[in-house]
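Here the chain labels run A, B, C, D and E in written order, and each chain numbers its own residues starting at 1.
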Amino acid sequence: MTVTIPSIHYLAILPVILLLGGALCLLLATALLRNKVTTVAATSLTVAVSLAAFATTFWQWRCVDRSGPTTTVAHAIVLDGFSVVATGVIVLGLALSALVAHDWAIRERVQGAEFHILALTSTAGAVLMTQANDLIVIFLGLEILSIGLYVLVAFDRHRATSAEAALKYFLLGGFASAIFIYGAALVYGATGSTNLSSISYFLGANVVLHPGLLYAGGALLLVGFAFKVAAVPFHLWSPDVYQGAPTPVTGLMASIVKVGAFAAFIRVLISALGTQLDTWRPIFWVLIVFTTLVGASLALVQRNTKRMLAYSSINHAGFMLLGLWAGTIRGTAATLFYVMTYAPIVIATFAVLTLVGGVGDENHDIAHYRGLARRQPWLGAALAVLLLSQLGVPLTTGFYAKFAVLAAVVDAGNTTLAVIALLGAAIAAVFYLRWTFTLYADDDLDAARIVVPTMTGLVIGLGVAATVVFGVWPGPLAALAQHATVLFSP
Amino acid sequence: MNVPAAWYLVLAALLFGVGAFGLLTKRSALIMFMCVELMLNAVNLTFVTFARTLSDVGGQATVFFVMVVAAAEVTVGLGIVVAVFRRRSSTSVDELSEMKG
Amino acid sequence: MAHVATLILLMPLVGFLLVMLLGQYLKEKQVGYLATIVVGVSFALTVIAFFLLLGHSSRQVTVNLFSWINVGTLHVPAALLIDPLSITMCLFVTGISMLIHLYSIGYMHGEKDFRKFFLYLNLFVFSMLLLVLANNLVLTFVGWEGVGLCSYWLVSFYFDRDKAASAGKKAFIYNRVGDVGMLVAMFLLFSRTHTLTYLSIFAEAGSLTPTVATLVVLALLLGATGKSAQIPLFNWLPDAMEGPTPVSALIHAATMVTAGVYLLCRMSPVLALSVPGRTTIAVVGGVTAFVAATIACSQKDIKKVLAFSTISQIGYMVLAVGVGAYSAAIFLMISHAFFKALLFLGSGSVIHSLHGEQDLRKMGGLQKYLPLTFPTFLIGWLTISGVPPFAGFWSKGDVLANVFEYSPVLWVLGVLTALLTAYYMSRLFVLTFRGTERFREETEGHDPHESPWVMTAPLVVLAALSVAGGVLDLPWVHHNSLSGFLTPSFGFIPVIGHASGVAQTGLALVDVAVAVIGILAAFSIWRSGPDQPRYESSFLEDVWHWDDFYDASIGRPLTTASQFGDDVIEPNIIDGAVNGVAVSVRRSAEGLRKVQSGFVRQYALATVLGLAVIVVYLVARVG
Amino acid sequence: MHSSLWLTLLIVVPLAGALGSMLTRKIEGRAYAVAVVAASVEMVLTLVIAVLYNNHIAGAQTFDFATRHVLSAPFGLAYDVALDGISLFMVVLCALVLLLALLGARDKRREGEFVSWLLLLTSFTMGSFVAHDFLEFFIFFELTLVPTYFIVSMWGGAQRAKAAMKFFIYTFTGSVFLFAGVLYLGFLHQHETQGALTFAYSALSATSMSHGVAVWLFIAFAIAFAVKAPIWPLHTWSPISYAEAPTAGSIEMSALLAKLGSYGLLRFTIGLLPLAFVTMRPIILTLAVIGILYGSALACVTPDLKRLVAYSSLAQMSFITLGLMAGSKIAMVGAVLLMFNHGVITIGFFLIIGFVERRRATATIKDLSGLQGPMPVMAALFTVVMLASIGLPGLSGFVSEYLILIGTFATHAWWGVFGAFGVVAAAVYLLWGYQRVFHGRATGANAEVSDASTKERWVLAPVIVLIIVLGVFPHPVLERISPSVQQLIAHVAPAGVSK
Amino acid sequence: MLGVTLQYTWPSILIFATSALLILVGAIGVITLANPVHAALSLIMTLFGVAVAFVAQSADFLAAVQIIVYAGAIVVLFLFVIMFLGVDRRDSVTVDPLVGQRVFAAVGVLITVAGLITLMARSHWVTGAMSVSTHGHALTTGSQNVKQLGTAIFTTYLFAFEATAALLIIAVVGAVMLARRERVPNPEEIDV
């Protein structure tokens, strides 16, 4: 029996290789040089690697644009427009987070290199999720992503909450992983494969009479994903973890996990289980309603800004799910557009939080934001813009993101859902506005000035620029999302 | 002739359920890990059973990866438990409820 | 003709603008004379216009100025209509205004807001002329509201006195209620005839159904009751006496308050279409005349007596309109303008001499101190009492004769009113000029002194007019009289026909008899002193508790309701519903927070429960 | 057809002004100067446009200065501007509001930021009024919330946080339904034509739909616009917001932003959903009448001058709604005219209240009395504004109210009659308010106030002039509004609307 | 799927029964035994049961891996940590401080498991052609099984196999980082 090693399209997995390679290099360097690897070097490497990966995505895009979506490594990995764009967003997210973490590591006097190793591998996991064409690969990507994050969440040794968050995250994450893989097992049993293309082919070629097993598997997969994207009622981990994790980690988590999980979610749902869309829609409907409303209203009663943003991101997850509900090209493009625009905003927001958190990363009560914009107009205004963007004010990308998903839902014929989600946004508006108002309140003028380190400042600036520039001129991004989805592998 | 696959599937489902129940009720983080292991074993059993019904070795191969994941999880998980224990001298998860609301 | 008519209208406006822009640079006297002269010019132009009109065959001239509102089918031009009715009105409006302007120069001497007073007066004359000259209802409404505004300003002229301020507001609001009537009348007419120009309305009037015509007439009546102080909207007028006396004379006796009567006369072709409408008008007029007369009998304030008297007299006019005697109404309006202005100005002179005292109980024996005021006032008193041969006798006789033809019941009411009129005016006269002197306290022992010539001259002129006014329309002269002149304006007059000469003479004798009885009764009762007779109930003095009734039935409930709206509905119900949503969001959020207990096992439980629900749904779906 | 550049300039000039003011905010008084220059340029621009505007472009088309550029095809996003006789006067009002708010309600606290927000708001409002694309309108409409929020929350009174929040949440929640409706309509059109997604006004107005759909859309749109206008019972944000906002904010909100509501109701609700118009008419008309009477009633008892004007605005805006919904051309023209007139009148009210507040540091009615004594000129100016609001013939308010009532009466007699009682009510609450504030004897601090300064008189002059001129000679305005309304009516006409 | 007539051999039933007994008793032991050490030992019982089930279903190689890796390595790791931390004290089993947690957990889990089983039972395809990767090669036992498995892993699952490398590295690195003793860093030591 001869074993033919499947052909490998290296370009497709180049970003993963780059990221893991970077992590490995850094690991080796740390091991060999014994703490001689400076934070600057580690950050530089990470940023270089992520930018290289980002550059790769251009190459990939050209390839996909020219010859269409392809699969490789025995159809385990897919290279399509969707994965390319999602990968691009993730690696950019890493680059930005690394810059924030750099200043944070210096301030907190922690080993920068370790952080970057874990961040690089986690990112690789997220990228894998966007490209995976096999439930097992998705599962592995998920685990690579998660295990790195478990450790990152526990990274802050000075705060008890950090370890608490890590343990909670780990226990629940493991639980969700088990549910997810059980779902994969049942789907395997129902369709005979874990490969998404094969599943899709099978479901297309066969008439399903009693799809119980498939449904059972689908439900478990759905719960697994819903957990990762923090959809209500599977969201409970996220506020605690967001709060406990070191703030730059929270930023990283809020961006790349969302992108990776949604990319995989979409791929499984649309690519593999697309024929059963009508079965999943009611579930999504309920999930979306709960997620938008609960996320928004619980954010309302928070005083801790990190928790507030955790609930806010739950609310956003509800909006992202809207595109999945629609299940159309427009819907997929909309969700992609949403995560594309949301990632830089949320990273920049957590960058501001990192700064305000101060040494020890503990000043996260809303009271610390009183009059911030008075004392430091630029920082305050930047945060205000970021918050308003998350609120969905026009001329920011946040508006077009909401516009895109809602348009998809309305297009798919459920205006009621759009209205409910928007009411969730209206509730969320209250706390974004209250926060903004706090920024401009004029009391407490003698609080200490916050030093804005260059790198973090750069990240905040980029985030604000992204949201405003593309908010005024969303055409290119929208076209990209649209095009990427058209190039979505079947 | 072997017993029908369904028997094993039901057995796996029960094992999964017991694991889940344990996770929901135990307070020791270590035992909760063990419950996760029970659930993963249920999954493995399911995979193997389906491999048999489908006559497909893919199901068995998958079990491999699940085992690796289980191992990796345990490694990190125990690391976290150790880290938490150092601070609190307890592995009870109920004591870890500082963050809430 | 067009230019003359335009100038008649514009002169007071020019005066208004001049006073507004240059007033502060001119001396007080100069302002007064300037204002007087523009009105005088206006009067002169009116006289010219009158003669021009006489030479006009159709006796109707429309002067188009510019297009004011022009939307869809609604064309409202700024245009004037010169016809006998409007020119008659103009004549006495400008004439009397001129006299009162002159009088005011003396009366208002030394007031802080002297210039503003003349500003208002000129604007008033402009508005009044606009009201009269307008060729359509909307433009009339402009003047209608303009005079109301000036009345508001002038009543609350002493704005730092709360009573004056309230009185001004009250006048405006009562008028506004009437305006709704006028608006509705316009709306109805427009929706049926698609025009608001008088002549076009009259041309189209035939197409109105009786119901619509009645509704229009009633709506117009509501408008008229507001402006002309008739029941049920009459009680702003007594309060309006808070204004300076020349204002009371000009606006609240001679001109503005008769605008309602003018409007009804103007709309006579529409009135002709509705018998129920006209009957209502007659009843309202008759009842108002009587009620107001009863109230006038017990008032202690000299101006209040005159105010109720005015209401009563206008009631006569409305009664006349109701019975279709339009020219009689106009005749009474003109003669009333003469003698009521005379009486008011006379009372103003009295008040002036007593340093502002208006209470009849603190007057008496003024006869010898006011050598010019007294005789002129005497003439006014006799005129209003209906003593021949003064103008009042003829005009009131004309009205009563017409009413008798129409309805004897209303005639009886009219005669009773005439009796009361003679009585209360005599009471006023006696208490003011006869009997003991009770004013020493007010004048601090000094003798009252006669007013300057600018004040007395108008008195003399008006007295002369009161004496001779009757010649305008003597019953036995049919052509070249006022009624003959006015006929083209009224077109169809639904009076069955004039009473025979014998009957007329009989009615006239009745009029004279009641006048004499009233005068004698008053003299016998009030000669002794100012104390109120025991049989006179406070019910009359308190205006039949009319104000209290409105306050209790409309004012207070509305205020309470509004306050309830502000205190309860707005914050608790409307806002409460919204806040309720907000609160319930917050409450449920607080509830949901409890789920987020911090216990990781509970989080896992939520996951399992969520999964269970999904699984149950799928089981149900698979069936 | 004139160049659309004029309209683009309308949006860009204030934007540039905002930027300029922001950049020069550190230099004493410079930002203000920049803002005033920008506002003046804007004013001149609008006047030029008003002169250039040609309402007899080929055929029945009354839109001038039109252009359309697609910005993002997937979103159906386009820059599409045009101007007709209806929006023309909104645009003029917008520039006027800005200029007078700047000149008359100067706020020196962090002036650079303040004027920047004002200019930004103007830019967005201009955008809303010239938008010829529903989505574009919605975006500008939403955008106006942000500057307003900041103006109220940063420069407002003691309860500014609450007021600003209330304002934002109400309007934002309202626009939720609008947003959903806009999307629905856009896709309805796309599914019908199988073409590209577009929200162009002209395209959407040709969308066919079932009656039920039209009614639902109508309700969705009406909610958003009813909040903004405000229409009873969605008005409760307005009293507190008007009262707590700085003077310029009150002016912007009541004189201008409220018009966005009625403008949206006219252009995008009635104009796009003629089918639902007839069904919804009695309901909205009834709400309008309730609004007139309710607003008037509460204006009588409210203890604060600014709140009084807020409730009066509720009544006035209800008049506008009445006119818009009555379905007769006369009423609709009247309503559009009242949109402009009420804007001007409200500028006058809030400016004068602002002047009084500047002197007395309060707008509470019971703290003020007898002001006519020490400040006769101010009292006179207030009187003119008040009389215009009462609807005194010869002043601007009358023409518009009269047209509304007579037009409403023709189609809905009883609503017209009840509406007419609003005329009485207006006199009651305004005169009662005037009496309490200006009449009576001035004592204490009230006796010390100075009369209107020369500058204040000049700021108020345009208001007074407009009030009088539009009352006496509204023809130039009416002849521009009428054809556009005619065209809109013609579109709605098959649904049973009288000319 | 469940409704098949009884035609299987007694040995297979016996094997199933044995494995089921081992699995369930072990599992219940894990969740009921108070002492973590006992729980870990009970876990081994389950793992053996699963291995038995593997053997019964032609997964011989996996059964071996199950014993070696799972029972041999993972559980030992558990025991090591238990001993290391010294947490082999009794964990109160009787009282749960979270009111209703057990009831809800039991209900939730029961519904879920019952539902899943129902769904599985009601699964049926009109056409049964599965897209199986071995394409016609029947699953075999013994040495062939290892070969088949190996082939599958290095062909179909090549990428997944490669990814596990990353997973294991990150796990090890993470564990090291977590378990390292906390050392308050000296400012001078941090090079920027």
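Convention: a contact is a pair of C-beta atoms (placed from the backbone, for glycine too) under 8 Å apart; a residue touches a chain by one contact, two chains touch by 3 or more.
The structure presented is a predicted model; accordingly, all values stated were derived computationally and were not measured.
Using the contact threshold fixed earlier, the set of chains in contact with both chain A and chain E is B, C. The pair of chains sharing the greatest count of C-beta contacts is B-E. Measuring from the average of all protein CA coordinates, the nearest chain centre is that of D. For chain D, the chain whose average C-alpha position is most distant is E.
The chain with its C-alpha centre at the largest distance from the centre of chain B is C.
Centre to centre, using the average C-alpha position, chain B and chain D are separated by 64 Å.
Centre-to-centre, using mean CA coordinates, chain C is 100 Å away from chain E. Distance from the chain C centre to the chain D centre is 37 Å, each centre being the mean of its Cα atoms. In terms of their C-alpha centroids, the spacing between chain A and chain C amounts to 78 Å. Among all residues of chain C, those that touch two or more other chains are 593, 596-602, 604-605, 608-609, 611, 615, 618, 622. Along chain E, residues 98, 101, 105, 108-109, 112, 115-116, 118-122, 130, 132-133, 151, 156-157, 160, 164, 167, 170-171, 174, 177-178, 182 each make contact with two or more other chains.
Residue positions 9, 16, 19-20, 23-27, 33, 49, 54, 56, 58, 62, 65, 69, 72-73, 76, 79-81, 83, 93-94, 96, 98-101 of chain B are each in touch with at least two other chains. Chain pairs recorded as touching, per the definition above, are A-B, A-C, A-D, A-E, B-C, B-E, C-D, C-E.
Across the interface of their complex, chain A is touched by residues 9, 16, 19-20, 23, 29, 32-33, 36, 39-40, 42-43, 46-47, 49-50, 53-54, 56, 58-59, 62, 65-66, 69, 72-73, 76-77, 79-81, 83-84, 87-88, 93, 96, 98-101 of chain B. Chain contact summary for the complex, chain E toward chain B: residues 1-2, 4, 7-9, 12-13, 15-16, 19-20, 23-24, 27-28, 30-31, 36, 39-40, 43, 46-47, 50, 53-54, 56-59, 61-62, 65-66, 69-70, 73-74, 77-78, 81-82, 84-85, 87, 91, 96-98, 101-102, 105-106, 108-110, 112-113, 116-117, 120-121, 130, 132-134, 138-139, 145, 148-149, 151-153, 156-157, 160-161, 164, 167-168, 170-172, 174-179, 182. Those residues of chain B that touch chain E in the shared complex are 1-11, 13-22, 24-28, 30-31, 33-35, 37-38, 41, 44-45, 48-49, 51-52, 54-58, 60-65, 67-76, 78-83, 85-86, 90-92, 94. Those residues of chain C that touch chain E in the complex are listed here as 597, 599, 601-602, 605, 608-609, 611-612, 615-616, 618-619, 622.
Listed in rising order, the residues of chain A touching chain B in the complex are 136, 139-140, 143, 147, 150-151, 154, 160-161, 163-168, 170-171, 174-175, 177-179, 181-182, 184-186, 188-189, 192-194, 239-240, 243-244, 301-302, 307.
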